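Heads up, the thing below is written out as structure tokens.
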Amino acid sequence: MNFSVKTELAYRVAKATPFVFNVQAQQMSGQTIVSERLRIDPELPTETWTMPESGNRYVRLIAPSGGFKLTYHANVRLDHPTEDPARVNEIPPGSLPLSVLTHVYPSRYCQSDRLERFTQRTFGALPPGYQRVAEICNWIHDNVDYISGSSDAQTSAYDTVSQRAGVCRDFAHLGITLCRVLGIPARYVSAYAWRLEPPDFHAVFEAFLHGPAGPGWYMFDPTRMAAPEGIVRIGVGRDAAEVAFCTQFGEMEAEKPEVAISGPADAPPSTTQAVRTQDA
Amino acid sequence: MNFSVKTELAYRVAKATPFVFNVQAQQMSGQTIVSERLRIDPELPTETWTMPESGNRYVRLIAPSGGFKLTYHANVRLDHPTEDPARVNEIPPGSLPLSVLTHVYPSRYCQSDRLERFTQRTFGALPPGYQRVAEICNWIHDNVDYISGSSDAQTSAYDTVSQRAGVCRDFAHLGITLCRVLGIPARYVSAYAWRLEPPDFHAVFEAFLHGPAGPGWYMFDPTRMAAPEGIVRIGVGRDAAEVAFCTQFGEMEAEKPEVAISGPADAPPSTTQAVRTQDA
Amino acid sequence: MNFSVKTELAYRVAKATPFVFNVQAQQMSGQTIVSERLRIDPELPTETWTMPESGNRYVRLIAPSGGFKLTYHANVRLDHPTEDPARVNEIPPGSLPLSVLTHVYPSRYCQSDRLERFTQRTFGALPPGYQRVAEICNWIHDNVDYISGSSDAQTSAYDTVSQRAGVCRDFAHLGITLCRVLGIPARYVSAYAWRLEPPDFHAVFEAFLHGPAGPGWYMFDPTRMAAPEGIVRIGVGRDAAEVAFCTQFGEMEAEKPEVAISGPADAPPSTTQAVRTQDA
Amino acid sequence: MNFSVKTELAYRVAKATPFVFNVQAQQMSGQTIVSERLRIDPELPTETWTMPESGNRYVRLIAPSGGFKLTYHANVRLDHPTEDPARVNEIPPGSLPLSVLTHVYPSRYCQSDRLERFTQRTFGALPPGYQRVAEICNWIHDNVDYISGSSDAQTSAYDTVSQRAGVCRDFAHLGITLCRVLGIPARYVSAYAWRLEPPDFHAVFEAFLHGPAGPGWYMFDPTRMAAPEGIVRIGVGRDAAEVAFCTQFGEMEAEKPEVAISGPADAPPSTTQAVRTQDA
């Protein structure tokens, strides 16, 4: 399926200030950039870099005093394989590729070391597999209220599990944390998300499981607010600390980001299959 | 200088349990493995992997029910360049290699997002450079008590800055956190540390600065307990969450690790120069 | 029923150190001190005080350098009324005596302000009354593991609700917190507890409800480890911060407290009725 | 000196909702209510209560669906004794009245148990007395930024000591906490505060010390924003959890409170003497 994504970001600074953006869609198998355009207005020199271990694409610029606007527009084709969830299993820690072990460790917003007992009590006895991660998402969906403004930049999974309110970022953090306690590698994904209302940057997570085609990352969205087959991946990382769409070094004023994504008009309802993403 | 390092780790498990170790010295420019031997007793199949972005070396084994012992012995030559601290500067965020930006973000034990104001108030006005990081280390040394048992696996820099007690791990976390607030990339290093008394695994940190030979990582030890030129690097990561010397997946009993390092008998006193480490 | 309670506390100090003890049974309607003896060995001058708003009895002494032992022995008759739980109701906040409002506010270990949503989601829809508080106790009993050493002096209800392990103190704190969110005044009680195995100081909590005889405090023990009709009340307070059995001002070494309580040999099984305590 | 204080509070509720207010000036030696008037508009039945151990005055009403306004106006004469700070000393814990011990314990927002080492390191070596508490206030004033909106209802002294920003409430909490670690009883005071700009409810704290006239409570304002001799005390408590000016049980909308206080036009500059308050 083809998607058109767009974002427009506007900032004002009082003196020259470095900005790093991570808003471009990743280039990876299953996610093809048909065309894209990144424009800075007024025009500014930029520097770009793609992180080898994540595929995240970064753009840096030094904004001079005054205002500037970044516009990104891309046509992206997604053809991630979908699989029967019943055939997707967990991988015992003794068999996990050592390269994904990093995603079992606790991180800033996903303190899996503090939620051992809760997780084991609630999910430890469920049969391992895709369905267990889906049950984690169900639990989050059923027990945490999605409320804009109920959390802030310091809110972590340890808070969300008690406070029971948050936004997509918090939902993803909690899902990641619960997976990690169970020994399932999990990571944070920032994305353009089709059918998300109102349109905005979205956050979901991926768990590392073993499907018919071998081990790989599978996408989960505990908010149930977007279509799994319409997630255009921007950044992946241990948690939100690593995939901000904008990092600036100094004071600034920002306008509310504008984000849009459109897909095929005649598309069927969202898939209930397991969606497998593939690293570049 | 040549160092002989050794560690002996012993565990008992009740049923087959996967273990991942990160105890081998890194192989990198300035740190040469002259010889090494890793032995598991009783003999067990192992799998090894070196993480490309860190150089960390991992060994995995599945311990069967009963006990086992891992012994690692290495002869390591260290010849990290040392430089005049006065010639080592900070790098403005607009000029940092994008590949090290990851080490400016907050992590599990280094919540730099929560210590902004404290850091800016205490260190923000100091002239940028190696000396500012040294002042951070001095502050930690002077304001935090080194007390075995005063912290635990959940203690983070946010606690240490208030509770004012910890061990090498906590000292390193606090140093990393304060650097990150100032925009200085910083990372955690686990090591064999010469002249550390009593001998044990040690933790220090590295900050990314710009010296006479260009940008690179410089080693700092806020505990002042070891010789900077005698730090045999084992693992680097965002913080201790990523460089445990042992990660196991299941219940186990561990004996206290034995760690030893010896250096040249006739070595001069520890250096006061800046020690620069070099990625592989 | 008559109970014999005893405790023996031994300390060593290097220099003169003030101690305040709160180990004596309260004197109140329903809890009669038939006889009691408090001995300090070696003999030391003491000062005593009973707090009007709580009935807590305090003894202060200045321990000289060296060791001392406090022994307390009392014969106590308990005849708290027991009532049919079905006839004990909650009191709407508009009708609560203003004097108990204090026990609806958050306190050090009972941060009811942070567990609103969790509490409302889990218990908000249950019919108000004694039974709702009993359901809170059931939830704690079923979802939190009683594990000695799993918590420390800084552990609060906010931790226990996520970490799911604790001791009697943590169970009481969590019960208090959940009640307060629902607008039910609740307070911490330290006690000698009959049938508690092994014998030790115990912690339970009281909720302010309305029974057949009017408004009053009702006792709850989410650990289910002691007999409700055999709780000899020592101290009440907002939480454990206010009812330590020993507060000292300086360094000391303590031996493990010895605590004993014995009741009638031929007593029937523990009551399942609501036990109502009565302030002095 | 005579002061005229006034507050106007307006609320809207969708259904009958209990409110408890604590906005009336305390009646105590040194603070005389010359005249006062509390009006609810539209008129509603109210219930009042003065807490014996604090002197706090509470008014409860059940607001029917719709809006209401509370207006409080009082003329208050303050003639608290002022004393030479050099003659005001700390009281060793062995000599403190047992009735104030409660104010040495940690509370919701003043976790003195977690700031031992920081406090001892920073203030432990200073000579005991009024001046040491003044140094605590100086430290807070010099190291914490007063910034509206930088803290919220969950912010505690443990946060403020690291985050270094807050409002009067946070300044008071930190002062209380540091005093308690040193064994100095301290409590939270809500007040109308003369010369505070802009006018608002204010928070200060009191420490229990020993002056020329014996032991008593002395007022401290680490914000330095108001005149110590012009603090009209409303409520005292362990911390802000106990002295909200409004506690409601249900949803409501509030207008921003209006607060005003005026004093003698020709008054001299604010006192630098120790201001001693006296319980009723």
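Lettered A, B, C and D in written order, each chain numbered from 1.
Everything that follows uses one rule, which is that a contact is a pair of C-beta atoms (placed from the backbone, for glycine too) under 8 Å apart; a residue touches a chain by one contact, two chains touch by 3 or more.
A quick note: this is a predicted structure, and the numbers were derived from the prediction, not measured.
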item: Shared chain contacts [subunit A and subunit D, defined touch]; value: B, C
item: Centre-to-centre distance between subunit C and subunit B (centres being mean Cα positions), rounded to whole Å; value: 46
item: Separation of subunit A from subunit B, taking each centre as the mean of its C-alpha atoms, in whole Å; value: 30
item: In subunit C, residues with contacts to at least two other chains; value: 114
item: Touch relationships between chains, expressed as pairs; value: A-B, A-C, B-D, C-D
item: Contact footprint of subunit C on subunit A as seen in their complex; value: 114-115, 117-118, 121, 143, 145, 158, 161-165
item: Subunit C residues within the subunit D interface of the complex; value: 18, 20, 47, 49, 51-53, 58, 60, 62, 92-94, 98-99, 101-102, 105-108, 111, 113-114, 153-154, 183, 238, 241-242, 247, 249
